[in-house]
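Here the chain labels run A, B, C and D in written order, and each chain numbers its own residues starting at 1.
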Amino acid sequence: MNLEQIVKNNLAKTKEGRVANYIPALGKVEPNQLGIAIYDLKENDIKQVGDSQVRFAIESISKIITFLYAVKQLGMDYVTQRVGARQTGFPFNSILNLEIEGKHHPLNPFVNAGAIEVTSLLKAVNNMQPFEQLIRFAREICHDSQITLSTEIFESEERTGDMDRSLAYYLKAKKMLKADVPTSLKVYFKQCSMMVTAEDLANLGAVLANDGIKPWDNERLISSEAATYTKSLMMTTGLYNESGTYSAIIGIPTKSGVGGGLMSAATGKYGIGIFSPPLDDAGNSIAGLSALNELGRELKVDLFRY
Amino acid sequence: MNLEQIVKNNLAKTKEGRVANYIPALGKVEPNQLGIAIYDLKENDIKQVGDSQVRFAIESISKIITFLYAVKQLGMDYVTQRVGARQTGFPFNSILNLEIEGKHHPLNPFVNAGAIEVTSLLKAVNNMQPFEQLIRFAREICHDSQITLSTEIFESEERTGDMDRSLAYYLKAKKMLKADVPTSLKVYFKQCSMMVTAEDLANLGAVLANDGIKPWDNERLISSEAATYTKSLMMTTGLYNESGTYSAIIGIPTKSGVGGGLMSAATGKYGIGIFSPPLDDAGNSIAGLSALNELGRELKVDLFRY
Amino acid sequence: MNLEQIVKNNLAKTKEGRVANYIPALGKVEPNQLGIAIYDLKENDIKQVGDSQVRFAIESISKIITFLYAVKQLGMDYVTQRVGARQTGFPFNSILNLEIEGKHHPLNPFVNAGAIEVTSLLKAVNNMQPFEQLIRFAREICHDSQITLSTEIFESEERTGDMDRSLAYYLKAKKMLKADVPTSLKVYFKQCSMMVTAEDLANLGAVLANDGIKPWDNERLISSEAATYTKSLMMTTGLYNESGTYSAIIGIPTKSGVGGGLMSAATGKYGIGIFSPPLDDAGNSIAGLSALNELGRELKVDLFRY
Amino acid sequence: MNLEQIVKNNLAKTKEGRVANYIPALGKVEPNQLGIAIYDLKENDIKQVGDSQVRFAIESISKIITFLYAVKQLGMDYVTQRVGARQTGFPFNSILNLEIEGKHHPLNPFVNAGAIEVTSLLKAVNNMQPFEQLIRFAREICHDSQITLSTEIFESEERTGDMDRSLAYYLKAKKMLKADVPTSLKVYFKQCSMMVTAEDLANLGAVLANDGIKPWDNERLISSEAATYTKSLMMTTGLYNESGTYSAIIGIPTKSGVGGGLMSAATGKYGIGIFSPPLDDAGNSIAGLSALNELGRELKVDLFRY
């Protein structure tokens, strides 16, 4: 496998789509970037090419980290009784399913309503506030002590996060949200504003692919059950409301973020992190998905392919 | 693995839920049944226990057969340009997504609107009408020359199929449907009324698991691409709008039918057919899914489990 | 009041909007037409100008005639238990409210679902089929024995009426429709295809304005209650989902049809019929509403104006 | 007309329905109350019986006051370009229409989204904050200098107003809201918490019925156009999503509030205020509407009745 070639083949795709502009700080990112990192579990080694060391906002991929952390702290049953595993059929910030179906919990943890719900479950522990806990956990699961909060992104999120406020108050009004709205959203916006690299995402993917055990030190960080459940959710709802489409084409459990990141987990084999900012209409990295598709075929990790 | 034990463990679950009663002919089925058949690709052998030879209406599992046949006849591109691979977030007979999003094609081939759309693509070939083609294909892919149409089920479907008529005319009004409505629905109702056994479904699953090649005679029946794509769809939308939930718990590409059937495909390993009539609210066999969960854990075929 | 002047003032508005083109036969109508007829109850006389004698398809204004006839035959309670008086918030051919709210009857008789429902309530009487009864009633309430069915419009409606079929089968599936779908729709399409003049509509409006008594022969045709109820419905839902908007601007109970007709009833004062084919996006005659607005101000018949 | 008799006839209806309990402070109101006040424009006199002097929270009837005040300050065009006059088909606190139709303004000023929008248009004038302006205007149009804010109701609204926050942030996210959310909602919750009597509402109705001129001092307070437009809105959307139903039965422009108030305006004739706390499912006073129906028939003020 020639990673350099895959970057070369897909770099032109960064001309397509648009960098996320719903928050100003994201809109300033240089579009013409593509970085790939692959953690190979058998060789216990990571390979990376292109812009794999560029830091970018983790955005929705943080929903994975928060979900895993919530499950670790509160247990699978507690969390999954408060947020489902169903697809919504609508964009990530829609309220339609909740209102039309009158459901008593958000449909899944990867739409904004569900992610805010999960965030609201977290409590201070030993005087450590939820976000402090989350960023520590992020550093551990991404094997990167340099992950920090981008104050600029966070402030931009806060300034423009009115749709998330609308969702959060809806959850509050329906008695679903466990913490108050400003507290929940502050943590939520902060978790979206953690700055990561493609390498970090490859490490995160590697833990999921390795049954919850960090391959670099062979210590279990999350339960096997949590890793399994999360990879399924990545497959069915990880790529916004195009999840089904990409599952059929690529077939690798993957979560995207509007910062341009993609994180994939091929069980027993690879963790993959990709970064390329320009997005399609659903909010997924165009060049990133194209590279992932090519990579997946070379690595033979489509779960549905013989 | 002790199949008898799994049947025994789950037979009591047939007391839960209700046999489909939306069409009278289905409502008459004896609820207290559970049959399992497993086609083992490595041993090229099939094992079966319980009510695995009882015939029942294939119902929604026929959507797989029709989709595969349409792809075989018309090509992947032609079919996937006319029906998507996205989840709807709503019950199988809902029009909400189509009308709210104004989409120009049904979201996926496993909701009724999408299945009717796919059926409408079929044309007479060499004077053979679409349903005649379909039932021949069903007999071949299920390796069962005894598959016949239940006139009773078909007439019951026709008598009570007004919601499907509503969906079909909606598709027609929006210029999506390729054939006229009565013709499309006649084929659709007939395909739902084919009588199969759990063994048949295990055979069908085995072809999908075996990359499109019939394991019993080593001949390719469908393309590798079609098998791959279909298994992904089974994972993301195969169990109505609880697909995500069961993907997270069981993790095996599976399609259900309201006749009580379940058909699963574990790539390279097994085709599985299960039959048990009582259904949950979403329309899936309760004892069947419970048995599948137990079976999947023994066979270690959860795609997301290490 | 100078009716000629009102026609002159508003004729240029026929350049705006578009003649209904959803059915081919309507699309062939000459757009540059405007006719007005006013039945003055005090003078017991009708005045008319412009294209007031041109025949056009009554379309949705027939929903008034069918509703009144159903109430006459079956009683107010029977009819209003089967169709409501609520606004839907959506276009006339939408299914969204029914499906989202799970209501057990169509929201009102002036959206297509409600009108089809009302039509389905009618039964043969003395060997006279429902449409024969309806056209007789139309001739009587419009005081025009020349009202006939346009076979061309009817056939065009039948050929293109798939959305109405979708609605009707939805009603059937939900056990609301009282007759079978083809029968109900045949009557429905026929009632839409009756050819009327602006004068006919002025007469119809005059009966409603005159408490249900035909002013030309002083005989009661419909109950006072039916006339009252119908005029309220015209105000709240008579102009598709712009009813509220025009109620606020014009304030006269009015029903429109996509054939370009408008029928208004000013209680105790006037029946008004207007004809001008080009429509706005909601399906209402543009020049017609503009003329009605001007006319209403001169006649001082805005119900909300001092 | 015997007002005492009407109170007597309808008092038993206070046993039906339930006092609003969505905010605790409203839930404490004594249910067994019914008060009626009628301002007769011809006699320039007000009659009242029963609990017509009991103070209660104005709630949604304040939407009338705020709309009229906004029109007075900012002009009809400015306000009606930012909020429509269409019915929504859904409960007053639903977001469905806005999200499904993608409209760029709330559909009307009497659903919560529209009322919050109108409130957001108000600006400080001469150092007088919006709510101070509003309560002054309320005192003037209701001819009651004793109208005050109930701090208890206001605090209860603030504590429980999360659905309104959700709506307001939705409007903000879609760039519709003109002020910031906390400011807009503070005014909105305060306007809902003004304490009025049935007599106050009769006076308010009398101004609307008298073309915008206060009948007690013959001074114009609002424009004729504003009075006309508002009475139409009361007819088409004044009684939540049962507006059409009651328009057909009662036919008097009326606005309800969940505090149990009803305010009606019969142009040129009467202003009517009614108070009775227990509500139907749509949020309208049950005994109040029953009394209004009886009263309307005696006063002959159904706009659609001959």
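As a convention for this text, contacts are C-beta pairs under 8 Å (C-beta built on N, C-alpha and C of every residue); 3 or more make two chains touch, one makes a residue touch a chain.
Predicted model, so just to flag it, every value in this text is computed and none were measured.
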Third chains touching both chain B and chain A: none
Rotation, 0 to 180 degrees and nearest 5, that superposes chain A on copy chain C via CA atoms: 180
Most distant chain from chain D by Cα centroid: B
Length of the line joining the C-alpha centres of chain B and chain D, rounded to whole Å: 55
Geometric centre distance via CA averages, chain C-chain B, whole Å: 47
Centre distance in Å when chain C and chain D are each reduced to the mean of their C-alpha atoms: 32
Residue list for chain D, restricted to those that touch at least two other chains: 96, 100
Topology of the chain contact graph, where touching chains are joined (line, ring, star, complete, other): ring
Chains touching one another, given as label pairs in label order: A-B, A-D, B-C, C-D
Contacting residues of chain A [partner chain B, same complex]: 84-90, 96-97, 100-101, 107-108, 210-211, 224, 227-229, 231-233, 235-237, 241-245, 247-249, 251, 253, 267-268, 302-306
For the chain C and chain B complex, residues of the former touching the latter: 94-96, 99-100, 162-163, 165-170, 172-173, 181
